[in-house]
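Same chain, two partners: chain A is paired with chain B first, then with chain C.
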Partner chain A sequence: MTAQVKRAEGGPVLEVADLSVAVRTIDGELPIVTGVSFRVEAGQMLAIVGESGCGKSVLTRAIVGLLPREQWIVRGSARLDGVELVGQGPRAMRRVWGRDIGVVFQDSLTALNPVRTIGAQLTESIRRFREVNRATATEIARGALSSVGITDPAARLRAYPHQMSGGMRQRVCIAIALLGEPSLLIADEPTTGLDVTVQEQILDLLAARCQDENMASILVTHDLAVAATRADEVVVLYAGEVVESVASESLMSARMPYSRSLLAALPRLDDAIHSRLAAVPGQAPLPAEVGPGCRFVQRCPIRVDDCATHHPSFHADDGAGHGVRCWRTAEAATTAVQEQP
Partner chain B sequence: MSTDLSLGTGPGTPVDQAEAATPLRPKRGRLGGRVWRVVSRVGVLLSIAWLLVVIIGAVFAPVLPIQDPNATDPCSGLAAQLYQGVPRSSLPASTACPDPTFDSRPGAHPSGLHTLGLDESGRDVLARLVWGGRVSMTVGFVAVGIGSAVGALIALFAAYLGGWFERTASAITDAMLSFPAILVVICVVAFRGQSLSAVSFGVAFACVPAMYRIARVGVLSMKVRDHILMDRILGIRPLRTIWVGIALNIAPAVITYFLVLAAGGIVIEGGLAFLGLSVPQPTSSWGSMISGGEDLLQTSPLVSLIPSAALVATVAAIGCLAEFLRKRQAIRGSAL
Partner chain C sequence: MSAREAIDTVQTTPHDQVRPALRVERLDVEFDVDGGKLRAVSDVSLEVAENETLGIVGESGCGKSTLARAILQAPPPTAGSVWFDDQDLTTLKGEDLRQVRPRLQLLLQDPTSSLNPRQTVWHSVAAPLRVWKRGTRAEQDARVAEVLKQVGIDPERAKHSRPAEYSGGQCQRICLARALALRPDVLVCDEVVSALDVLIQAQILNLLEDIRDLYGLTMVFIGHDLAVVRRVSDRVAIMYLGRLCEIGPTQMVFDHPAHPYTRRLLDSIPLVESATETRTSAAPTGEPPSPLNPPSGCRFRTLCPKARDHCAVETPELRQTGDGQWVACHYPNVPVTAARP
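Entry: the complex of A and B
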């Protein structure tokens, strides 16, 4: 309720500014994510795209405040409906979790308790948000399962997680995440491990529910095609920093060489049969190996000597909110994709 | 549960049943495999039956219709020696031998009066076996149970909370594990004197670090699963997360390992009793019964063999049960 009132005031639901996350090691702090900024409006879906190990999950967990404070250091700002989340203790976060932020995890099998029925897990969460008796909670749980497209919810409530399919379980997880009517939904690779048709259904469901509730949402994915078709805005993360931020409809005109090589790596219907998929050569640098220059420099097809020594800043240059972190955006726009076979 | 989940037409229609039945029937394996399955199933049933017999005997020993485990049979020559010089008329009635021709020498073979015969001191072997089972079961299940519960509880909180608590607990249990369990028990008995409570305390004490290690691994692997994070996000109290999210999930492994430890505890008690370090005489214990019959091995081997068989059967039965539970878990684990 309060979230809806705040949303009516306008402004972004989530505003992340210069967020950095570092992990404590024996050798001191090791930065994992550096200087990330973005904003998500109500009803808008933001996709965070990047390859494995680029810091996607760390970034979202830092926003939600799930990183253990003994190990992780979070700096910068993440404001949810104007309320600062960074630096809040677990006590303060407990008021935010579930009610203001809903989270859908990657692996629905580990996200549900294997020894409890779906019904027990749903009703416990419901009774945490609303003061209702057991029967009413079961009624609400049944409704929640129907709302995520689960048929015969009464029977499903008695089922254990392992008795359901992966897609079904992920629907349950979405239902649980939406129980507290949050203003922001974070889905951390919600469709990894699901087959393509189920993946489509789950994404459809997420999009529909976010639309219905006018909810802001963040979709973390490594699938650029998913990001392009589902999200309103795409943020490309590479080695812990944002390298490109672009509206999804202009994703095809991405200018950062990394984004462009990701686009080139997408399989296309008009590719020759049995042709190899284009791959981005090399590997992203480990957090400890990041050099002074551009982090993509070793893999960049259009690098010049300066790229290895000077770190490019993130600049929005076209007035439409399309931001890029590259020295050679002009060249990239024409060359990067064409260099792929 | 599975039929409840079927969608569409109910499970009552004949077509549905035929379709459901075919894939559910497991494929027949090789003959050896089938024989082995039957044998192992029978083994599990026998194990449960034997353990029930021992446990019931242990619990109800005082009221069972068995003889006094510590009384020497009056017809054995030992009784005559014991009461040498005492006028026959002043002897209590129970020491009077009803039938002097009856074979009741020490180590006598089973007879109508003594189902399993007499031991080296002319005492009833069956009665001593039942009462000895009481000692074994107390050490094996009660002492090991308490020790395991303590170890599992410490592991639950140490591994969940982490930090200095876990480091301290792990360091202490590592140090404890570097001593052989039997040495720990001998030390406790040396300090507290020979008694059932001392042996039980020693065995329980030795179980704590062993169970701690196993339970800790389980907690650590459960702790990183997303449903623990989910519980946090949903504002479920940490104690409830620890119980429902972790403890119930590692319970099968803990129970299985408890059985393994129980078998170990029974063996340790048997070993101590064999050395004469467990419960003091004349209280019977399987280990002391085995060592007591040593001198009669050539003439009456049953005196030693019967308690040995009981010990072996009990340990094997517990092992069989533990293995059965472990297999069931493996099947459940693969479904997850």
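Entry: the complex of A and C
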């Protein structure tokens, strides 16, 4: 079976259902991501937010089929325009990469081949998708660079990656990801490591291109503020599972204590200088340390005994699609996150 | 009066703080690179008062880290002086310089690579005390235990654990303990929370504030995240391409940024609470110029919305716009209250 993808009218571009990822170790399977479900519609941007080690990159790599099968086990379903991606081999996925899903990674220096010019790398991708001669491919490449806001594209085609700034290289990566006119763009920490003014430019560019092409997109980020200001929907991941899913304009009224701690720990421009931040103690459990109850339990300011023994299910009951994984959401909504000693 | 004489009279400390712990005068740092000289820091003068935290903000390549290292004489600046305790550090050599070093300590971004992976954490924190032969062995051990407790690391565990057994946030605590072991007067923090997740970042920022109070430290806090730097700094300096754009009391600079570059930085920060606002203005495009070939006159003029012909000709000097707030701009956003004395 090949993953020939045809856009189904009206449905979500990507529908992820109960997706779990585990890594094989000498002690057996170690779950990294458990039971993740979400959907992304055309023209919508979904942000997946979490701290390092929460499984956000593993999750997106599992969807795109970039995890080697020898080491990783992916279960559940990820349907792109109705076609199942989980279980597809590399040969089938090769037809999906670039054409149906475009991917932009954090590190543009390693994403690009250091010994080939930008032009060579662009035209290679173009000729993978279209039967065009070299001159036409160069013409398309020039247009692709202009479309991501690169000035003097003709000169840039002759440049090597190291001759460009990080922001410029990330623009090139975006241009390459968009060459095949994918229906889904996945950007994994696309602006981490870039300066704040360059970050703003790159995020503007991503938003504009996704809007122009009515593309579905997933923005993976550790930065809550980036997610809130850019995405339509925010999915918060903690220790490998979704703990909250909320429209970005409602993020400030997040109910899961973890999401609330994240919000409270962000330095804001109206805080008093030298004031202390509301910091929850400890750190997220490692995959091997996950207990039977809520995964945030050791750090949670409003935990009760049952939280350590009973795993809360993910429930969306407010009618607005705001989903939370917590036993004590009623209490969470009214309790401020207190600073811990 | 020549420009050189003029800047010597510029006072960049608030008037109520009399004794500067550190005074940097007309500092230049140049590096030899292929095809000429890179002037990483150009003509920077500033003061840090005792028990004060000066924040230095700027984007990559602006010279903020180079400035910090030049203050610590590691490596020494190409020109200019650094006054500390009535001595010009740039004139000290050999043993004289070595004797000053314990009083000025540096904390870096990557704590794991700052610690010897093969030695116990206890050994690393004790090393400065052993090298400087401070007290008896028992006194040294007592001091190590004390300082580890102050940063929230269990001394018993530290005796037999190596850095790899600790998380990034804990390693940063260990580096802080080592920096504090000799009771320094000045602590320079270079992007110390940049690699940490937001909850850990909050813990470390709170710890730094507690430690600052406990030791009465004078701090230079370098960062690219404006909200973070604002939170811990009494005054802030904004750098662009090796030069000071603006310096002043934190609240004043953030409330009334006088330099167009400061305005631009502030406008680029994504804020969670503004998620509901529709983004009106797109970020200005344009690549930042190379530090190898900075623009003539004002270095920000190529990206500045207010730039006029004059900006290309004359380099702006620092002028006062408010009580203790100084700006290097021909057309500042805040009216100049006093020209150079």
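Note that the second predicted complex is superposed on the first by the 322 of 341 C-alpha atoms of A that agree within 3 Å, B and C clash if a C-alpha of one lies under 4 Å from a C-alpha of the other, contacts with A are read in each partner's own complex, and residues count from 1 in each chain.
Basically, contacts are C-beta pairs under 8 Å (C-beta built on N, C-alpha and C of every residue); 3 or more make two chains touch, one makes a residue touch a chain.
These numbers come from a predicted model, not from an experiment.
When the shared chain is aligned, chain C comes close enough to touch A:167, but chain B does not. More residues of chain A lie in touch with C than with the remaining chain of the pair chain B and chain C. In the superposition on chain A, A:304 makes contact with neither chain B nor chain C. Looking at the shared chain after the overlay, A:199 reaches chain C, while chain B stays out of its contact range. Look at A:125: by the touch rule set out above, it reaches chain B but stays clear of chain C. Put simply, chain A uses residues 151 to touch chain B in one complex and chain C in the other. Contacts from chain B toward chain A in the complex involve residues 1-2, 4-5, 7, 163, 225-227, 229-236, 244-245, 248-249, 335-336.
The touching residues of chain C, counted against chain A in their complex, run 59-60, 167, 169, 197-203, 205-206, 209, 224-228, 230-234, 250-251, 254, 264-276, 279, 282-283, 285, 287-288. Touching chain B in their complex are the following residues of chain A: 64, 66, 70, 90, 94, 97-98, 101-103, 105-107, 109-116, 124-125, 128, 151-152, 155-156, 158-163, 173, 176, 179-180. On the chain A side of its complex with chain C, the touching residues are 51-52, 149, 151, 165-168, 195-201, 203-204, 222-226, 228-230, 248-249, 251-252, 261-263, 265-269, 271, 273-281, 283, 339.
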